[in-house]
């Protein structure tokens, strides 16, 4: 995630890193060169009077603008669905933060050995982060989990699922020792279920991109639009045509590239979510909740 | 589901399989031929001076563009609602994954014979997949369920509902044997209810298409727009008119076809959800959770 | 609900029944006749040289197109909100299906006389369907409910609410007989609450149309736009003007009519939800779940 | 809420009461007069040849139309968010209906003195309605609640909160008398919590309008657009310019006014929700549920 | 939050404070000056006949308008997502109000020392408000919480999390004293979990701005559009060009600035949520609920 000051207008407008320019730049350049080429051919042809300028005409700008405005809707539709995925991904991690706080707070109030629970929870979110980043091992996780457990969960097809099973086992142990009753078990399992739901939500976003047919059609339409654009402009704009081509292709290709980058919020691009910071928050809060023993002053004085 | 590299711009833009072209291609071709025909008639007429060109005029491009821009909104509305159905369908399957993990993990921690439960859950999702694909039998399901049960559930109007009844029976058995108390029964039934809700959600998407009146009106408007388009263009574009017709009809017909394909995410098209992979994930995780027996090192050393 | 093959493009595009044409057709015709009249007046005036054509000008097409594009947004807004209502209505019935399955399955596993429960549930959804269709009696319902109960519930202001009270009473009876414990009562009441929530959702959709002020403003704007349209076109399009009027009025009036028809998904139009089929599904599944007694092969052989 | 027949097209299109015209009418008139004035000045100037008509030009219509189309989006955005608030408000009242039915039905099945509960619930929704209408007293409420209680709750900063406390107390009494066990208390408190959530939702809508900055910017843009519009039109439309001004200002000002009226669904305008009818429904259903004693025929005959 | 009368049209339209003008004003001014400069250069050049006016042409207005309409969509997309964040933030605080009412009402009915609970809840929301405003201390909070507890929670990385732990401890104390049973503990912990979820939601909104890539691209496109706009207009509008520039730049820059201000609803701008008022409401209601002892008249008289 890129931190920025939301009020420094000019600095943001002139930034290059973190924008879509590094990736879409070459495509925009290609478009401008293509427009220059078409314009040069047109001017050459009209100088040599190869064709009657009255009869050249070119593509009707209003008809062409209908495609342009359809493309505008499509790109905003694309941006919007990428942004929803991003926000949904962030919300799932927000749910992980909330539920881990609830789980550890409750577990430490009623169970014993809360620090084991807090370590299990920290190990869970780290294993989930690594799993979302495509790493299938228990590195980093082994700081929080005992080696035997690491070894066991690493045999799971989905490692975080193995860790949830260990958390369930911790709860079950407390139940069998009589520290938690059946109702309290259920409360904790509910919080754990919410964490598993959030995990499933993250995996859904990561494994299910926007349908290929949409993505491909949008790219094909952008291509068809940009290829025909200089034919619309050559007669009307003269040598200003490549300038307009620059603005239009920057708009279409830049926005499309931005949507591609935001689509997977768990990737490694600069604009993706900072999962390291989120896991650290969870590990810190879980640890502090496990250690907390509130000392009330005698309440009677207050009533 | 079609896997693709989201960063290979040109490869995606030039792909043919998996896009709407194979289906909408013929319609686009028809449109281009129609535009050629109209243009040829117009040119012939103006060469023969059948009509005074000053008086021909044709349809006003700005008025016509209003219909074009309305069509643009309609098609994005259509794409958006198809995409929402797709994503809702995927979310229901995500819920099935999450709840099956929660159900099996809990069942194995507190009940006994967890492997039976994991087989029932695997059988349930397979029967649901087959039911969504329109197959009314217990093939594949019989790998996981005993033959008598298969025979019983195959008499149900809705086979997965029969399997949920068997899962409820498993929970009830554990309850009557005293392995689970009433609270734990309720927790498991809650998870099962979520799976039934997800099943109902999938059936809703499959059985309720977009209202016919919308679908028909959009197609009729596309038709009316494309039929009148060459009359708008013939005078202004000359022989460039079929080129513009190609771009416009590709945009409208292609996007509409893409929406039709995405509308039913449980179909057999290339762009539909890969239900086989999702059921395999559930079956694998359920099996691994049933076998897992976590061994903690003595926790005291850590505290 | 109108069944249709989503891949037969031409058949759908040329269908008449089930589209908005039967209702909006007359209005479209009126518009075309009006455009013909205006055009004839204009041509007559210019033939008689009643006005200097240089000075006639007419309404500016670009300024007028702004209103047209605003109307486009409004109509898509209207379509979208109608479609959301339709889908929300369908989702509430989906919830009724899911919760009735969960309720009957649980009730039959732990209670006794499950068949009474399944009849009460079937009676409930039928009375709800009749209530949504505006019928205030217990016809059809009396197939499933005993006559005394029918008589009692028919005195309720809201008949389905009376039936839910009877279902609650069934649960309470089982509780007092000791078949269900307090926890199981609560699980069943939770499912019943979900059904009542879905009922309330349906009644909300039926009784609260889109605010009158929106509906009236959209109709007034369509009228103002269509009345002024021929004044924009008469000079630019000549006798093509009624053709464009046909396309534009078909788009605006047709889409608006389609939205009106979809707005109430519980009506009796062809495009409304098929509540008969949905109630039949619930009655069938409830009956089959009540009769089901799963026979497991001895599980030990499998473990 | 204004009742209307959704199929009477012409009657709705020509209605005046309940539309935005009574309020926005003066503003539309002002705009038309302003356009007449500008046009007269322009015609006078060109008759006197104060300026070279070639050089007058006026504002470019295409550039101006971009602002117009942005305004179109903004107004649909505004309408949409007002409509969402309206629908959310209606949904909260739907939740009140559902939860009150669930609460009273359950309370009467398992507790005693259900009629007291039904009176408390009726008093609660009436006090909520009055509180949303800005009335800080217990009139009307005192029909359902005993005088002492009325006096007590009237000291609350938020009167409905006081009544919920009384409902909680009723539940607590039943618990202490042993009529309800702890689980049943929780079920009723859950339903009560949903009612409190719905109340909070209503208060949120009432007290948090659309941010001022949005509302002000939209009005300022409409103003800037309408002031410059005659400058765009004067040369192109001639004396048709005020006609177009009428249509455009009706569209912009009318839609904006409609959004303002819908924004607060709990107001006293004609288009607001009919809270009286909704509270009556709740009071009626609560009363009937409290009196209902279902008499089953002996079920054995049916099995 | 800025209070305003939603029916005073002119006052709102002419207000300056609270709108985007104070911030975006300079940028709009810069744009107008730039347009004046370009126009002057163009007029000078054409007076000196530096270029053949036939050949100057300038950028095609229709092609340029496509970028303008895309920008329109983008800005409405931006406004909409800012508004959703604002409303989601408000809804989380609404949830805090609802849950605190539910928690305190229940706690006072079944536990003892309700006033301690109400003070803890008040302290919690105040510490959350201060934490959202970036203040890491226990000022103001110490009015409600005992000094030792203040000291303890101030050591937490996230202070409100420390206070929730104290609330959990209060519940646990009541449980260990036998005032609350396990079911009632769970009900209160559920309400507390909802408050923690709301807290997490607020922190999510505060810490996760709109992705940088979107924000930067929108600003860059606005810049590219406004820089090229005078080149489109200079020939067509003459000296009216700066007037149109004023309207366009006001629309684009003003709306963008408004979105920036609304994006973080917990900031200190005039348009942000009034968290002080919301915390006061919670503290007041919690205090009044803790003191309330409803006295029923003997109910028998009413039945």
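Labels A, B, C, D and E are assigned to the chains in the order they are written; within every chain, residues are numbered from 1.
We adopt the following convention: a contact is a pair of C-beta atoms (placed from the backbone, for glycine too) under 8 Å apart; a residue touches a chain by one contact, two chains touch by 3 or more.
No experiment lies behind these values; they were computed from the predicted model shown.
**Student:** How would the subunit C/subunit D interface be labelled, same or different, where same requires over half of its residue numbers to be shared?
**Tutor:** different
**Student:** Quick one: report the Å distance separating subunit B from subunit E, using the average Cα coordinate of each chain.
**Tutor:** 35
**Student:** How big is the gap, in whole Å, between where the Cα atoms of subunit B centre and where those of subunit C centre?
**Tutor:** So the centre of subunit B lies 22 Å away from the centre of subunit C.
**Student:** Could you list the positions in subunit E whose residues touch two or more of the other chains?
**Tutor:** Counting only residues that touch two or more other chains, subunit E contributes 62, 64-65, 69, 71, 73, 183, 186.
**Student:** What graph shape do the protein chains here make by touch: line, ring, star, complete or other?
**Tutor:** Shape = ring; chains linked end to end, path closes on itself.
**Student:** Could you spell out the chains in ring order, with the walk beginning at subunit A and its first step landing on subunit B?
**Tutor:** A, B, C, D, E
**Student:** Show me the residue ranges of subunit C that touch subunit D in the complex, using the header's touch definition.
**Tutor:** 23, 27, 55-60, 62-67, 69-71, 73-74, 77, 81, 113, 115-116, 119, 146-149, 152, 155-158, 161-162, 164-166, 168-173, 182-183, 185-186, 189-190, 192-193, 196-197, 199-201, 203-204, 208-217, 219-225, 228, 231, 260, 263-264
**Student:** Using the touch rule from the top, collect the residues of subunit B that touch subunit A in their complex.
**Tutor:** 1-2, 4, 6-7, 9, 12-13, 15, 18-20, 61-62, 64-65, 68-69, 71-73, 75-76, 79-80, 83, 86-87, 90-91, 94-95, 97-98, 101-102, 105-106, 109-110, 181, 183-184, 186-187, 191, 229, 232-233, 236-238, 240-241, 243-244, 246-248, 250-252, 254-255, 258, 261-262, 270-271, 273, 281, 284-285, 288-289, 292, 294-297, 299, 302-303
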